[in-house]
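Here chain A shows up in two complexes: once beside chain B, once beside chain C.
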Partner chain A sequence: MGKLRILTVCGNGLGSSFACQMAVEGVLKGLGVDCKLDHDSVSSVASAARNFDMIIAAENFKTQIESANTGLPCVFLHRLVDKKEIEEKVTPVLKDMGLL
Partner chain B sequence: MEILQWIIDNILTQASVIIGLVALLGLALQKKPINEIISGTLKTMLGFLVLSAGSSVMQTSLTYFGDMFNQAFGFNGMSAVVASIEGINGQAMTDLGLGSEIAICLAGIFIVNIILARFTPFKYVFLTGQALLWESTLCVVFAWFCGLRGIPLILIASIVGGAFATLMPAFAQPVVRKITESDDIALGHFCTFGYMFTALIATITKKLAGGHESQSTEELELPQSLSFMQDSYLAVMVVMIPFYLIIAGFAGPEAAADYAGDVNYMVYAFLQAMQFVVGLYVLLAGVRLLLAELVPAFQGISMKLVPNARPALDCPVLFTYAPNAVIIGFICTTIGSLIGMAITGFMGTLVIPGVMSNFFAGGTAGIFGNAIDGRRGAIIGGIFHGIFIMILPALLSPMLAQIGFVNMTCTDVDTVVTGFFFMAIHSILGLFGIA
Partner chain C sequence: MQFSEMLKPENVRIVQSVDTWEDAIRLAVKPLEEGGYVEPCYADNIIEATKKMGPYYVLTEDVALIHGRPEDGVLKQQFAVTLLREPIKFSEDSFEVRLLVTLAAEDANSHIDAMRVLASIFCDADKIAQIVSLDTAQEVYDAFVEAAAE
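Moving on to the complex of A and B:
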């Protein structure tokens, strides 16, 4: 498997998903996982998902992202840039994927 | 010498090249490997060109809309403008030919923000790229309108923009602290005057109720069906389609004949409303590409240079703290903006509400209202917020029209305040015979 590809998502795919992406990048670097990240709007999730291995978004987008049926593991955050929360929620998913 | 002149005339006047160079500088400063520098620079340039393409699609749709409006209601000299900061940015960067200045000013705002955060007590580093791009646009446009050119224009626009980027998060921080129950993030979104106005209204409603805060919005059960409003492009469509259909209905089939050809005029209006959203979608996709390299560069550099800086982030980072307040804020701001639209009709230029802004600024205003006075604050504050964010852009729109913007006005109110700020300074200096 190559680099882990993660998509962060918000309403517009501009600001908060980008901030989240930078926070996630920091966390994964700390965990020693090689990854490639990008951010996009919730409107584009269904089509964008096929290029990724994992989705991370704010918990208020849970229903919409789940209804897009991407089949990817999704992580929903309460505090988008809280590295502690990101690490707590992402670590079990990474273990499931056999990356940790 | 001739070669140098040729390069200046043909290459360095191209906004996409200037923007590419700004990205190149940012990547080089981070000591990125050469392949990343090249791909990052190219992607940034691509972003600008995608943005321009989106802007022209949006403008075609707006030209049609403006024309239909004039044919339907233009008899008494009234005109209509659509509130869209994205569109203002697109027109300024392409049609007004200020793209290079806006790109350099964006870098200038980064620098001024870092200096102010480093040396003043306001430790806020503004990381919302698109908001900085909008602010840079208004700073450059108004500095240019005041007669500045070249280096003085860049300097003044960067200083004003940098000051706004540092001070606006500080202005909102007392309420943000209450919302997040912490002090580690700040709000970086140039609608701060609107949010603080909402907070003020909520403070008043709380006082009027004898100081008792009403129940929080988060104790409400909102119907699941409202969740489609989380999708901003969908929300824009839902609002723009009726506006286009109503105006086209009033203008009648003859008015649209030149545009629509064989297509039914109402079907054509529907398609044009969709085209508006297409333009917006493409424009913002361009912005995403444009900023993808610049923002991490800025974050990396600023966090190194400003110890214990507080990152000022885009408004949706607050949405998870009060998701119900977001929906209530959006609905109430939209109601308020329709009232505001009616008021602007009496002011001579009818302003069509900016749905994107209603969505994001409205949602955040709901959170601010809720933080001060629960659901009462979110509802009443939200409605007043909607009126507020229509009146301010309406006051600015005659100046924007004079500058050369077609059928458009700003949304994010801090950028409107920036425009007023430039005009105020200009007229004060004028009194002393300086400008």
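Moving on to the complex of A and C:
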């Protein structure tokens, strides 16, 4: 597997998801995981998913993202920029993927 | 674009309180409207989007990154900062917020440098606590500019 590709998602794909992307970037750097991140809107998830290995979004988009049936591991956050919460929730997924 | 071009001192304001979350949005968007960065419909479009999606811009305790889509009325990319002395809740189950950062984005990526600065602040609970307790709008502006210099 090359770089882990993560998509952060919010309503419009340019504000909250962008801030979240940067928080995730910081966490993964700290964990020593090489990754490539991007952000997009929740309405684009179904089509964008094939270019990614993991999706991270706010809890309020859970139903919408799950119904997109991306087949990707999804992490849902209460606080989009909380590095502690991100690390706690992403670490088990990375372990499942064999990256940690 | 440099951070200093994305946030102007006159677009940083401190307000005692607002009655409703809709008022908070209108107030937070106002500096950008006055400066010609967004059309008057921008605040209304964000309010409509909130009714559909919930407060998608509340990032964590005390922090909202209020924004719509480029086609919702953005003319030029810019930020504004409004600090509320009394917090507001944008929905029953979301956090109380005092720091309202309003973003007018022209597309998904060109504000990346400014977002890096904002993200560094948003991820730092101590810094947020420090900013919400500042006395003047100039001090709030300075705090953002200092974060950009780090």
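As a working rule, the second predicted complex is superposed on the first by the 100 of 100 C-alpha atoms of A that agree within 3 Å, B and C clash if a C-alpha of one lies under 4 Å from a C-alpha of the other, contacts with A are read in each partner's own complex, and residues count from 1 in each chain.
Here is the rule we go by: contacts are C-beta pairs under 8 Å (C-beta built on N, C-alpha and C of every residue); 3 or more make two chains touch, one makes a residue touch a chain.
On a predicted model such as this, the values are computed, not experimentally measured, just so you know.
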Looking at the overlay, does A:Gly26 come into contact with chain B only (first), chain C only (second), both, or neither? second
Using the touch definition from the top, say if A:Lys83 reaches chain B (first), chain C (second), both or neither. second
Just chain B (first), just chain C (second), both, or neither: which does A:Thr63 touch? first
What is the contact status of A:Lys95 with respect to chain B (first) and chain C (second): first, second, both, or neither? neither
Is A:Phe18 touching anything from chain B or chain C once the two structures are fitted on A? First, second, both or neither. both
Check the residue A:Ser43 against both partner chains and state whether it touches chain B (first), chain C (second), both, or neither. first
Looking at the overlay, what does A:Lys3 touch: chain B (first), chain C (second), both, or neither? neither
Can you give me the overlap between the chain B contact set and the chain C contact set on chain A? 10-16, 18-19, 22, 39-40, 58, 60, 79-81
Seen from chain B, its contact residues with chain A in the complex are 127-131, 180, 185, 189, 224, 227, 230-234, 284, 287-288, 291-292, 295-296, 299, 311, 313-317, 319-320, 323, 326, 356, 359-360
Contact set on chain A toward chain C in their complex: 10-16, 18-20, 22-23, 26, 39-40, 58, 60, 79-83
Per the touch rule above, chain C residues touching chain A in the complex are 49, 53-54, 56-57, 59-61, 63, 65, 67-70, 103, 105, 107-109, 111-112, 115-116, 118-120, 122-123
Which of the residues in chain A come into contact with chain B in the complex? 10-16, 18-19, 22, 39-43, 58-61, 63-64, 77-81
